[in-house]
Amino acid sequence: MPEHPLPTEQEVLGWIRQRRNWGRWGKDDQVGALNLITPAKRAAAARLVRSGRSVSLSRPFPKEPGPNNPLPAHHFMRTHARGKGGFSADYYGIYYHGIASTHIDALCHTWDEESMWNGRDPKKEITFDGARFGSVEHWAEGMPGDAVCVYSGREAWQAQDPERPYGRPFNPMQQQRPGLHVSCLPFLRDHDVSVLVWDMLDHLPIGYDIPWAVHAALFAYGVALVDNALLEPLARACAEEQRDEFMLLVAPLRVVGGTGSPANPLAVF
Amino acid sequence: MPEHPLPTEQEVLGWIRQRRNWGRWGKDDQVGALNLITPAKRAAAARLVRSGRSVSLSRPFPKEPGPNNPLPAHHFMRTHARGKGGFSADYYGIYYHGIASTHIDALCHTWDEESMWNGRDPKKEITFDGARFGSVEHWAEGMPGDAVCVYSGREAWQAQDPERPYGRPFNPMQQQRPGLHVSCLPFLRDHDVSVLVWDMLDHLPIGYDIPWAVHAALFAYGVALVDNALLEPLARACAEEQRDEFMLLVAPLRVVGGTGSPANPLAVF
Amino acid sequence: MPEHPLPTEQEVLGWIRQRRNWGRWGKDDQVGALNLITPAKRAAAARLVRSGRSVSLSRPFPKEPGPNNPLPAHHFMRTHARGKGGFSADYYGIYYHGIASTHIDALCHTWDEESMWNGRDPKKEITFDGARFGSVEHWAEGMPGDAVCVYSGREAWQAQDPERPYGRPFNPMQQQRPGLHVSCLPFLRDHDVSVLVWDMLDHLPIGYDIPWAVHAALFAYGVALVDNALLEPLARACAEEQRDEFMLLVAPLRVVGGTGSPANPLAVF
Amino acid sequence: MPEHPLPTEQEVLGWIRQRRNWGRWGKDDQVGALNLITPAKRAAAARLVRSGRSVSLSRPFPKEPGPNNPLPAHHFMRTHARGKGGFSADYYGIYYHGIASTHIDALCHTWDEESMWNGRDPKKEITFDGARFGSVEHWAEGMPGDAVCVYSGREAWQAQDPERPYGRPFNPMQQQRPGLHVSCLPFLRDHDVSVLVWDMLDHLPIGYDIPWAVHAALFAYGVALVDNALLEPLARACAEEQRDEFMLLVAPLRVVGGTGSPANPLAVF
């Protein structure tokens, strides 16, 4: 059925190493492919808005423990009296990488044995205080612009076997799951994609002796990833609106030294 | 100097009680004045975008303890090996109400002795599991639309006396600080404002025997508040762009039962 | 094989309701059966010490997610420079009830449809600020004294099927697991046991229409429970020391309003 | 008034470097001076118990923000239904080093420019997963035994000026506070003290070009420190019991890789 033969390990390494974007925006650049989302691109994205329909691409904040959520997010409530009235407030806590939370990966999030984005050494750049290079605050102006959304159908897949975890975030080597194959990398590079929004993540096992497949786009190309997006409502909206272009908005929390951010990406038609 | 005399307590209570929006969108409505941001309004907001310049209205995630930050946010780092490479990840934890974090207030956040938004009883609706009415997930499609931003100049005020806290979030009754006076309420109501984005909050002391001044707009009018925005860069951008209209984007985290959300609001010119 | 017939529901309800200790130490008492550990008892416990061998009864702080640990504890590290040197520090965070953490249950931890310990109403006493009655700070002087340790052999049981969770803390009704049967309640009451230290918890399903089996000892008798103790090393030490008496020490964290405490119980021979 | 002249920097460095205990219990030892608390010592400590009076040396879990508590501990409540009854549970979170929480310092907690305890390099031993050397789980059997308690009178000092912070944990270089002077080090070393329990910490400023004064006992001598103990009730009990010897019990949480532990130390007379 697949018309394309699987690439060789040499080809895969070539995509990651020969075609990487290091130095393309200067050797100290921490913005990566988001440099390509110029103000003009943003203005063009805004011109895509016609009906004004807005769709959230975010899964709910993952509070419930379960096979797909080994490190549940915290949500704790308080109330406080104030004069004759009062208020409620709450604590949110989340270790947001993994497969349960819709979130952005910053450029410092992954590396291979060579290095992080732009050739930096993670041993030096990742500190107890946060990342000193490639962290998420360099994207504080957000991503109102240009992105590729790849809807693989995670909800349908999961519904077939609700007890089967989509991923074990911290033991990926021992695991099988559907997702984007490493051979998608050249597409991202050929089209100068700035942001990849996806509901399934890397196909596992990777099948090559590399630590990261599509996630290599972070350190090789400087591409922003929006992991675990909820794309079923988007697909429905595209069908109903009879369009597959829209304005995408992603606004990471402004965390100095952060390796990414939980987010609620919006598509506006 | 003030041309307007201060309102009487009767007048203030009138703004809060006689003019409230309860039932305006149905007695079970949890969306409030954001009902006014129709798709058509969103499309009109997108048409305001011309140059594509994007400005973040978010203060940095408030990790550092200090007089203005009695409950600092958590940011903790980890690294994990993966094959020949690795990755970094981090935990974000925040009790985000108060005066340190740029955040959204949901309709369930405040109440007076009568009730919460739409006449609900906070004793019933605010539970250990989260708010059951007026919580933030009802705004999951975000706020790409219409808002009033009020720049009071918090940075300049704070620079005059860096050691003086702008607020003690949990003892507001004993405190003095500049901010919007309760007499701003009729403006919000008269103009059917959906979202108020502000850098200073309610003027304290309130001066009347009511628990909430401008924050009463939450439970009386159903207005969304974006507290502690960073508006100095926005003011500069308005001057440079010679416009004071732009598209505002605020995308709360999709927390079921949440009383609001930390956020990174964006203004796009 | 069982010589004793199972008790009827009436008998079980009788143990919980007819024999309860409410009012025994005053209607406002929040200390419960620990009132029985008088200074004289503590002195007697200290006299049991002969060899001075100390054994920890604590499982490791449960940081690792897994089938038995759906809400893993947090352990995050920081380092800070100080002059020519530095220091390390860490954050511990734990939702410690459940089956993963060795911890103390305070008297406010459980209730049935009638009430909490001493007839109090949990709706009034359990607040967003903590428990106002029966909380753990009333045991701040600790439990150097008298306890019953029941070693059921959880490690051996778990080793037979490592993937089978011992418990699903928040869905106990749907679950089967070995543990102490509700018919152990009269033993606790007849012997005026103050503290029960156990490695397995209530046998599930309970088999009667009651919310709590042995855990009813909290609200009915005022007995302190030390859940999920690690008793294999204690059993070994008892065999080697040829004694089954020792001084037990349990020192809960002094949390005002706390429903219990993680702890490292010590047995000294 | 002081009869003793202040030591020279050479003398101070001599106490820290010439007299250190590295290698005394083997070059890989992670237990330090607690090796001196043999079973025989523990048995002797138990024999000190006569009246059985138990005194907690713990301050309350520091939940309230304030000048002395820039990083307040978390205490969040939940309730859960169970059948016809229910239960309460809570989350405790604490970054426990500093001056607000009664806690134990493990041997890995401090270092100077030379190294950590036993000559180890903190750059290698302190990892994102926890400390790999000198961490608190090596003290899991607790400290039922021998200690020096130094009551300096922190409550009385604080009462004189409630608004003055006793410490700014993370900016100690800029600060003045009373406490034990570095010249106490020889006392600890001469008497082979295993555990120091104190209510005030190092006198600041240190007055010498060293990063740690009495806290150097951790990495130089392997002494366990119990910081911020509440010693006023102990002093009262000593007066009333007319004794200054008692059994001390400190049981750190069993956290693999932990740099210490919050604790509730008990003194039993």
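Letters A, B, C and D mark the chains in the order given here, with residues in each chain numbered from 1 onward.
To be clear about the criterion, contacts are C-beta pairs under 8 Å (C-beta built on N, C-alpha and C of every residue); 3 or more make two chains touch, one makes a residue touch a chain.
Computed from a predicted structure; not experimentally measured.
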Using the touch definition from the top, how many steps at minimum link chain B to chain D? 1
Please identify each chain that touches chain A as well as chain B. C, D
Since chain A and chain C are copies that touch, just let me know if over half of their interface numbering is common to both, same, or not, different. same
Based only on mean CA positions, could you tell me how far chain A sits from chain D in angstrom? 44
Centre-to-centre distance between chain D and chain C (centres being mean Cα positions), rounded to whole Å: 27
Could you check chain C for residues that touch two or more other chains and list them? 74, 77-79, 91, 93, 128-129
Which of the residues in chain B come into contact with chain A in the complex? 38-44, 46-47, 49-56, 58-61, 63, 74-75, 77-80, 82-98, 102, 108-113, 122, 126-131, 137, 140-142, 144, 170, 172-173, 209-212, 247, 249-266, 268
Give every residue of chain A touching chain D within the complex, in rising order. 74, 76-78, 91, 128
Note: in the complex, chain D contacts chain B through residues 65-66, 70-72, 77-79, 93, 128-129
